[in-house]
Amino acid sequence: MGIISKLPAYMETIPGGGILTTTTEKLLNLSRASSLWYMLFGLACCAIEGLMATGASRYDFDRFGMIFRASPRQSDLMIVAGTLTHKMGKRLKVLYDQMPDPKYVIAMGGCANNGGPFYYDCYSVMKGVDKIVPVDIYIPGCPPRPESVLEACIQLQEKVKKEKMGKWSASTE
Amino acid sequence: MLELRPIFDAIGEFLNSILPEFWVTIVSAFGTGAIILGVASVFVLFFVWWERKVSAHMQQRYGPMRTGWHGWLQTIADGVKLLQKEDLIPRDADKLVYLFAPVVCFVAAFLAYVTIPFGEGLIVQDLNIGILYIIAITTFTVVSLLMAGWASHNKWSLLGGMRSAAQIISYEVPLSLSLIGVIMIAETLSMVSIVVQQEGWFWNWYVFRQPLGFIVYYIAATAEANRTPFDIPEAEQELVAGYNVEYSGMKWAMFFFAEYINMLTISAIAVTLFFGGWHAPAPFLDFIPSWIWFVGKCLLSVFVLMWFRWTYPRVRVDQLMAFAWKFMLPLAFVNIILTGFGIYLF
Amino acid sequence: MDSESLLKYVQEEYSERIIGGEMVKGVPVFEVKPEKWVSLCGMLRDDSDTMMHSVSNYTAVDYREKHGGFKLVITIFSHILNHRLTLETLLPAKDDEIPEIETLATVWPTTIWFEREHAELFGIEFINHPDPRHLMLDDDWDEGYPMRRGWTGTDFVVKPDK
Amino acid sequence: MSVKQLRTEEMLINMGPQHPSTHGVCKLVIKMDGEEVKYIQPHVGFLHRSIEKIAENRNYPQFVPYTDRIDYCASMNANHAYVVAAEKLGDVEIPERAEYLRVIMAELNRIASHLVWLATFTIDLGAVTPFLYAFREREDILDLFEMTCGQRLTYNYMTIGGVGWDIPKEFEPKLRQFLKIFPSRIDDYEDLLTNNPIFLHRTKGVGVLPKETAYEYSVSGPSLRGSGVKWDIRKAEPYSIYDKFDFDIPIGTEGDAWDRYKVRLQELRESAKIVEQAIDGLPGGDFKKKVPLTWKPPEGEVFCRIEAPRGEMAYHIISDGTPKPYRMKIRTASFCNLQVLPIIGVNHMIADLVAIFGSLDIILPEVDR
């Protein structure tokens, strides 16, 4: 957690700092919401739609201030796009742990939500990403359209904007 | 009219009148430091946003749109977000080196601004070895990249660090040699004197007397700044993120900051040495303040660097080395010899 | 060579190595003796009249109920002569037995991965295989051989309610 | 210090399974001597979705959507391979209009797939801008697919007995417009890349795949043709109605990454040619023959292969007379093509390894299934 995120807590101790706290909190949240850098976690079909087509000219993730980072250390958001197998699940957990707080996860597509078309009779697919990492937004579809990915990002931004500062600092410390 | 020099002079006089001489030195040192830091930061904030917009428009996209008007607040949001990120240090990292690498990188990038004349009289210290100082100080970056690559305890970052060491040291040679032509004509190492010599119409600029030197300089400088097509130290598709793969939050931001500062540095040097510094291309345009000319020329140069980046593929590491030693270096020597002949004949 | 003459040619040339041959949907299919499996494949590759230097497909089928074993089916073809044929061999196995056969990796290197897949999914052992690791499944997989028919599997296999 | 005292050792690096240039989830364990790659071992199976097991528990028409997900860049071709095999198994005759529609869709999807390849290949070489240009044209094709079957990526368009839906009225003018502008767009890519000296240096002589190695490892598709083998299943074993169309098979000479690039760009033009001929000759009539969900093919087995964008894609279906297949084996091109990577990738720089991986056009779900 960066130093600045403790700022609201200190402010609260100042007499009359309550108003300041809310403003700072709002500002910090806004900045986080406007710059969600996502990690490329393309697993299967959804990677083409959710990461490549959405990043390309017609849909353009960059409009929302979202750029991709190859290293988990520099990303805030993990878009799990595609089928997660048991073999890959272990690796996903490692990568999630490598991301610095605050971090978010979007489960994209049926497979990442609950196994999708590979739910029945399948011996190797994990039935949902939420079995191993906490998920903030689920996107249905197989694969979801780029519009729905953008909508999910807007939803996530709304969620981030409403966050209380103490919440995620308490949960991780 | 809008020249900034009188303002600074006035501030200096005011300080002199209220403080003893020793304190004036201290205050002005910190003051100029703060101004340089502030100006450079504004430039970086602008460059990051601008690069995203330029690349987006080259690729038929819009780029950042939602944060402020056409996304102009985007870089600020990114910066504030990076401040809030968790400060990770990998368990096996060499902690001291890991912590100091970004600082060294940051400081080295800023030190070059001591001898860059931003406008008429707008220079921190006109050293009589100005060019030599800049060449020496910009190479410091390589130390930080090596430190980062080594300390992260990650094989990818080690590779990136090694690559950058090899690259920057190799390109330092043609870069330095390419500037010798200018020095030979100008017969001085001071940045201000070189600019003063290029006064008048634009054909007095050294780029017209040193075209070869300029080309060698610009290519070598692109490599120095780790920009595509020479961005192999952090080649995303090969090394994930190169030397900074383990860095997060503000530490990473410092590397990022330094990269863009370097971009401005190489543009500023190019403008100072080859494009007449703060002078207008024609004498009748002198009514526009000198610092605007300087900044305008720098921006143009930075734009060209961005243009390179979004057009070319990346070269391979051995091709990069071969290019430096087998092509750029001979070219730089040829330039020096030609300049010598020119001076002898005219 | 067209399929008819290919069928005849192989039946005559390699009669002691095959059990039978027939035409199935325009492609010659031969049943091969398991012990002659590798040698026949090598000969078909080197024979200048067949020149079977490429593998189109290599599969294993669980025929334990019907024929009492596993069948290996390989479809090989020639780019130059533009013909293909299919070879089959039956590896007898009952219940949980693991049948064995010599590896084809010496003939066509591309079969290495195919055989690794068959080994882990069907439980067929390939003798002298150069790289006997798991291919698809995780290294610590110990839930049996999932592609065998009747494999009920583990907790994470969900069956639809009828 | 003399040179002998400098001790160097090979460095073992895990590239993947989450790496920007492995195009999915493939892990390459590589040993490096400085920058040079000395040994490569691919690890796959991170996307093994047990599709073959699922096939044994689905009715024949029910399995079509799964074929989409085997090769998501070229779902139409994967559909095509399956339905052709299933129809051959059950001796189903399909209307001529359906055949033409299938060819149009398959070739359009081949273009889309090659465009994805072009995008990712250039990104592997560090050039970002061609990526976005290639995706611009891809979006045009996806629009055509979307107006036909309502999906952008996994179409489920071809069914056993024909195609799922007829094309709408607006399809043809839009397609013709696309075909008109597309050749000039290919020229654009060539302007950006073909004569770019950096691109030439990065691809010429890199990852040479000799003909003999290609045969041994059963490499197929453009990667094989780049090595100078004139082999295309559309010509060699014509399926569907490919024998009615006039098109060339582009081949390379050296077998390096450059040749594979050139062959694919050439194929873009050829595919556009086929689409043009098919839309000109599109007959009227029925587009579908009704096949019930509990369709029972006769007992027997079939092996049928087609030319997918990445190479040979084949279905080996064994039927026991019930509505569900007894065994279905899916042979995919990338499964075999990936195996040559350890052979042609060694003794190259790591940057070249990325380029070679890109030039082979591997797609991981095809390898893992």
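Order of writing sets the labels: A, B, C and D. Residues in every chain begin at 1.
The rule we apply is simple: a contact is a pair of C-beta atoms (placed from the backbone, for glycine too) under 8 Å apart; a residue touches a chain by one contact, two chains touch by 3 or more.
What you see is a predicted model, and the numbers here were worked out from it, not measured in a lab.
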Greatest separation from chain B - chain, by CA centre: C
Taking each chain's centre as the average of its Cα atoms, which chain lies closest to the overall Cα centroid? D
Between chain C and chain D, tell me the centre distance in angstrom, where each centre is the average of that chain's C-alpha atoms. 25
When the C-alpha atoms of chain B and chain D are each averaged to a single point, how far apart are the two points in Å? 45
Taking each chain's centre as the mean position of its Cα atoms, how many Å separate chain B from chain C? 63
Multi-partner residues of chain B (at least 2 other chains): 59-61, 236, 240
Give the residues of chain A touching no fewer than two other chains, as numbers and ranges. 56-57, 70, 87, 120-124
Contacts with two or more other chains occur in chain D at residues 19-20, 45, 48, 50, 53, 56, 132, 136
Which of the chains are touching one another, listed as pairs? A-B, A-C, A-D, B-D, C-D
Spell out the residues on chain C that touch chain D in their complex, using ranges where they run on. 24-25, 27, 53-57, 59, 61-62, 73, 75, 79, 82, 86, 108-110, 112-113, 134-138, 146-147, 149
Across the complex, what residues on chain D touch chain C? 44-45, 48, 50, 52-53, 56, 88, 215-218, 229, 231, 236-237, 300-303, 305, 312, 314, 316, 318, 326-327, 329, 331, 335-336, 339, 368
What residues on chain D touch chain B, complex-wise? 11, 13, 19-21, 35, 122-129, 132-133, 136, 192-193, 196, 198-199, 201-202, 349-352, 354
Under the stated contact criterion, what part of chain A meets chain D in this complex? 40-45, 47-49, 52-53, 56-58, 70, 82-83, 85, 87-88, 91, 95, 117-118, 120-125, 142-143, 145
Enumerate the contact residues on chain B facing chain A in the complex. 52, 56, 59-67, 71, 73-74, 76-88, 236, 240-241, 244-250, 252
